[in-house]
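Look for subunit A in each of the two complexes below; its partner is subunit B in the first and subunit C in the second.
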Partner chain A sequence: MKILNRRQRVILGIIFSIIFLAAVCIFGSLGTEAARVTDFSRKNLAPCAEYIFGTDWLGRDMLVRTLKGLSISIFIGIAAAAFSAAVALVLGIASATMGKTVDAVISFIIDLIMGVPHILLLILISVALGKGLKGVVIGVALTHWASLARLIRAEVIQLRESPYIQIAAKLGKSKWYIARKHMIPHLLPQFLVGLVLLFPHAILHESSVTFLGFGLSTEQPAIGIVLSESMKYLVTGKWWLALFPGILLVATVMVFYVLGESMRKLLDPGSAHE
Partner chain B sequence: MNRRWYIFILKNLIRIVLLTVCISIVTFALMKASPIDPLQANVGQAALGSMSQEQKEKLEEYWGVNTPPVQQYLSWAGDFVRGDMGTSLLYRQPVTKVIAVKLSNSLMLLAIAWILSGILGFALGVISGMNRGRLADKLIKGYCLIISSTPAFWLALLLLMIFSVWLHIFPIGLSVPIGVEASGVTLADRIYHAVLPALTLSITGVSNIALHTREKMIDIMESDYVLFARMRGEKGWRLFRYYGFRNVLLPAVTLQFASISEIFGGSVLVEQVFSYPGLGQAAVAAGLGSDLPLLMAITIVSALIVFGGNLTANILYGLIDPRIRRGGAEK
Partner chain C sequence: MKKRAIAILCTIVLAGGLLAGCGQPKETQKPAQTDRETTGSETKDEVVVTMPTTSEPQSGFDPAYGWGAGEHVHEPLIQSTLTVTTQDLEIDKDLAADYSVSEDGLTWTVKIRDDVKFTDGEPLTAQDVAFTYNNCKEKSSVNDFTMLDEAVAVDDTTVEFHMTEPYSIWPYTMAVVGIVPEHAYDENYGQNPIGSGRYIMKQWDKGQQVIFEANPDYYGEEPKIKKVTVLFMEEDAALAAAMAGEVDVAHTAASYSDQAINGYDLFRVDTVDNRGFNLPTVEPQEKDGITYGNAFTSDVNVRRAINIGIDRGEMIENVLNGYGTAAYSVCDKMPWYNEEYEVAYDPEEAKRILDEAGWKEGEDGIREKDGVRAEFTLMFASDDSVRQALAEDTANQLKEIGIEVTTEGVGWDVAYDRAQSEPLMWGWGAHTPMELYNIYHTLSDSGIGLAEYSPYGNETVNRYMDEALKASSLEESYDLWKKAQWDGTTGITQQGDIPWIWLCNVDHLYFVRDGLQIAEQKIHPHGHGWSLVNNVDQWTWE
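Let's look at the complex of A and B:
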């Protein structure tokens, strides 16, 4: 028996995702102080009713630390998404309006960014900016636009050949007019979906780079740092230090994926009415 | 194979050379921008502190601190092409040698993971695409969603926790047993140590390939010729073998070669967790230890590997798809 139809279920999923993410952000932002408090009377506690995630070797509450780290990750994701959105849109429109030479240059730059393995690029930028959280944030923000731009560019190239755009051009509309009135409305749904699906990548890369030891800072326990610290205590059997923060990280990333896919289902005319 | 096909390959080659040059320029610029003092990095803080001003100036001249960046770049690039990549500050050895050793360690890991994830991902994607909406599809989709949300390093940690710490089946790290001479290390030892890292890399690599193959397979299954074949009663393996296989192979090849970059990125993390002395770990060590010559060389070598993969994919395209081979490559 199905009480809700597919569309309603998808909307419900979106609402739950947003509530989950908002909760992580809010609790993470509130817990800045609590994440740093050390209390040796409660160190190395296995998960129990009071500390569901347990505590680490300095008596810090792992739940608070994890939430704090994840909220930092989400904020970095927002920064990366904002920057990528701007770049991808500008480049996409440029390759739509400015002809083949510009288009060739743009695809060359995209290939350039994609040519170096992503993690390595992040390491390079982090070193260039003198390690530290700033380097990680800027690095993640600067490197994620390429995939979105490639998506938009492919779509623009397809659109350029479509009859209604060609007719508009034949009618004497300017390229700028066509881009504004015909292309952007068509691209917007895909653009939004691409933007949301950018978050998982940004968060995974951010956590990976901080895990490797770049952007180390004691005040800002990024999720990667929390996990890399727990690695040292893994062999002594403190499994909860790595398990629970990791599960929450996976959950956050997954929520973004679900969010993106749900949005795609709603916005795509082919599946919007199923 | 006609002339246009060769021109197509040639164009690709020129593009790769151009891209590599650009990457080297960007890398060099980034390293120039870093706040690391070349004198301090090469000589060491303590030695630098005890030197007189004159000595420092001599050293600056020797290391070329004051020559213009363009000239610095040209001399570095010139040496690089001739095979002199400089001296690694961390390992106190020529960079070429460090990379050769590390790469040979990594290569086995990368190759196993690449092949395994490619075949598994392809198979899962095809199964899931052909059974769209059924249980198998849902299971595979769910698995892929979970895996692609899981950071590679955390998966490595989990496997390490389960197999090494609890079950003691596999070693905790390194590529060879501890306390054994280099000559005493057997191939079996190496494989034994590579199992867990390779497994982690394969698991993470599968999801992306499977999901994309699934999309393509669904497109194919919805096409008219498959509908017609189904109408005639074709199904299962025969349907896949004679109608789906060649069509889905093309995007799969692109995916497989495009995944090199991702596998390499994953190996950086996995090698770090398993302390596996490969190229990825060297990159992290170089980054953390401000070993700029090594870092630049690794960047360029990895970029060459990625571009080589893309080129191979383009060539294979021609072999698989007769339309491209006969000159349809240019749209």
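Let's look at the complex of A and C:
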């Protein structure tokens, strides 16, 4: 392990994560058709050389289904996390800079959203929007911004009191100038890390809401669907239906986590120069 | 590094916990079993039966809210009915000693037995009968009582039903409406039902189980099984319960039929629990925001080609592991079924019909005509894996004859509206010819004035069904129902308009504990629940 220094290891981690995620996405999107093909002549096959993840009761190839499901999840994760982070950034900064009333209102909304369990709110929003891709993306996006917004708000409040910002203000720079030139560059690392760490959350919540039947529709190869269908067949000993998709889901979530942590190490002033 | 390892571990545990947590609600609590084990080797006279959670009557055991006389018809057990359906689904008498209908078909007179008591000791009189029917007419939202004008008790043992229009199949309605006591009926009746039937409801733990005990004062043959416990659970939980030896009869599905459970045998029951899909027969048009009709399926040749382009045998083998029978109509094997409905699988003929009708194969193998592609979306209820598999297999099979089918899982909240323009995988099957009427007869005041569930209308078919309802006897009406299906020139069969494609009747499957003799079953209607226990009083243990 001593061949590479810490920084190189971190960079290696990032490269590995990106390759893994890209591979899942690319194979997933290539398999859009294949993931839906049913063939009753090959139903309920245990993992073998040809179908390394086995097949399900409709004769669908579980490997293609899993990859497609994960790529859908990653897409939802990216869409939802990006939207969520944008909301968090705007609200966080607004809360910290636009005076007491705005701060009180936004803080109240943050508390409100954080006070309700995510999954409940997510189900409500998803069902209200007619389920499907749209419902899940908006649902995840609207429930996940609160903690990041709170973080940014705290950061901005702290920054506001720091000498260089105070001096800039005394020099007559506009608020917008200060926010653009001084605050956002300082916030960017936390923001990016927060954004990346939202992915695993979004993915897990997408799959659980779909698992519970409030998300994507059953003919779609979403990972939540794959797992909930497998529940019915576990009792008959068809372990492969749940095991491999489950492991890959955990792996994807972990990879995102590694990515976020590595980025933090690279960007965080405390460790950036190691 | 160590910190990260811990973090990764946490992620795995969390993810695992998430999934495991989600899995929990599927498990059903262990049935409350008290005295079953203690019976030991003595002759047992109790059974524990599982049913799907959807079989639990949400509004209680009240016929006005669908108990027995609802979407899934069955004998109400707790209450008794005026008539009963026989093994071959004709009509026999129960509470009725005699019944007759007036010449114009507008008055049914029923004489009832005078020796019947409710389980609270009060005698069952014609007033109770009249009350039951008037109450059902007033309140029932699940069963149609519009043909009944009023029920009148003439004396203690005679009741007259005044109809708004002739309704020759009224005895089939009388076979599912359980008679309730007027003196003990209030809005909570469904929770503590009192009846005159074979069993008394002893205990109902909502979401879990219902316990019935034999009625000691039953006027008919004494029930051989004294105690019936019904547990409500999903199929996977039922399988687990059977594996653990906790139940005597566990309902199950074809996908579990290959499981061998020690001490249990697979028991299959013939059904008219059919699956099939509708094909809208008119060109698309819009009304009140709902689209009615489908450009592709409005061509009768397309519908005919689809009907013979599907290999039902292969489908049953693929999807149901062989536990099913081919369906050609909504009423296979019923006394009113017309054999003309039956068709043979013939893909070559299907292709010829399509070619002749101008549907020419395009470059991608999918047919086209005047810019319309030979394609449709086939919807299925998203929580029903059998319907999903049938839809997928239909898509695979129709591809062979150049038709592209996309499947889509939908919820029932949107399915009914969308089915007006797109095929939907349905499940039907009931012990009354009224089902034909519901599916094929036009309703002038709904939608665009065509049949209720899928746009279709044929004057001749309508006329036969109207005549069937006006017929003076059931036998005569059976003949007219058959003619409504095919009279030699027109109808709803392959040679006719074929507005619905029927695929298969799904066998009802149960794991039954060795030694339990389940009495001979009538052909089960749609609904994998209460039908099995219609005759639980005649089951025996060896």
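The definition used in the following text is that the second predicted complex is superposed on the first by the 267 of 274 C-alpha atoms of A that agree within 3 Å, B and C clash if a C-alpha of one lies under 4 Å from a C-alpha of the other, contacts with A are read in each partner's own complex, and residues count from 1 in each chain.
One rule holds in what follows: contacts are C-beta pairs under 8 Å (C-beta built on N, C-alpha and C of every residue); 3 or more make two chains touch, one makes a residue touch a chain.
Note that the structure is a prediction, hence the values are computed from the model and not measured.
Enquirer: For A:S17, decide between first (touching subunit B), second (touching subunit C), both and neither.
Expert: neither
Enquirer: In the three-chain superposition, say which chain, subunit B or subunit C, touches more residues of subunit A.
Expert: B
Enquirer: State whether A:S208 touches subunit B only (first), subunit C only (second), both chains, or neither.
Expert: In the superposed model, A:S208 contacts both subunit B and subunit C.
Enquirer: Touching A:Y233 in the superposition: subunit B (first), subunit C (second), both, neither?
Expert: Touch partner of A:Y233: subunit C, not subunit B.
Enquirer: Which partner does A:S84 reach: the first (subunit B), the second (subunit C), both, or neither?
Expert: Neither: A:S84 stays clear of subunit B and subunit C.
Enquirer: Using the touch definition from the top, say if A:M254 reaches subunit B (first), subunit C (second), both or neither.
Expert: So A:M254 meets both subunit B and subunit C here.
Enquirer: One more residue to check, A:S73. First (subunit B), second (subunit C), both or neither?
Expert: After superposing on A, A:S73 lies clear of both subunit B and subunit C.
Enquirer: Taking the superposition on A as described, I'd like to know which of subunit B and subunit C A:P200 touches: first, second, both or neither.
Expert: both
Enquirer: Mind sorting out which residues of subunit A both subunit B and subunit C touch, each in its own complex?
Expert: Correct list for subunit A: 131, 200, 204, 208, 211-213, 227, 231, 234-235, 246, 249-250, 253-254, 257.
Enquirer: Sort out for me which residues of subunit A touch subunit C in the complex.
Expert: Per the touch definition, subunit A meets subunit C at residues 38-40, 43, 57-58, 131, 200, 204, 208, 211-213, 217-220, 227-229, 231-236, 246, 249-250, 253-254, 257, 261.
Enquirer: Using the touch definition up top, name the residues of subunit B that touch subunit A in the complex.
Expert: 15, 18-19, 22-23, 26-27, 30-31, 33-36, 145-146, 148-154, 157-158, 160-161, 165, 172, 261-262, 264-265, 268-269, 272-273, 283-284, 287-288, 290, 292, 295, 298-299, 302-303, 306-307
Enquirer: Quick check: in the complex, which residue numbers of subunit C touch subunit A?
Expert: Answer in residue numbers: 4, 7-8, 11-12, 15-16, 18-19, 22-23, 26, 235-236, 239-240, 243, 255-256, 258-259, 318-319, 382-383, 385, 388-389, 392-393, 395-396, 407-411.
Enquirer: Give every residue of subunit A touching subunit B within the complex, in rising order.
Expert: Contacts found on subunit A: 108, 111-112, 114-120, 123-131, 200, 204, 207-208, 211-214, 224, 227, 230-231, 234-235, 237, 239, 242-243, 246, 249-251, 253-254, 257-258.
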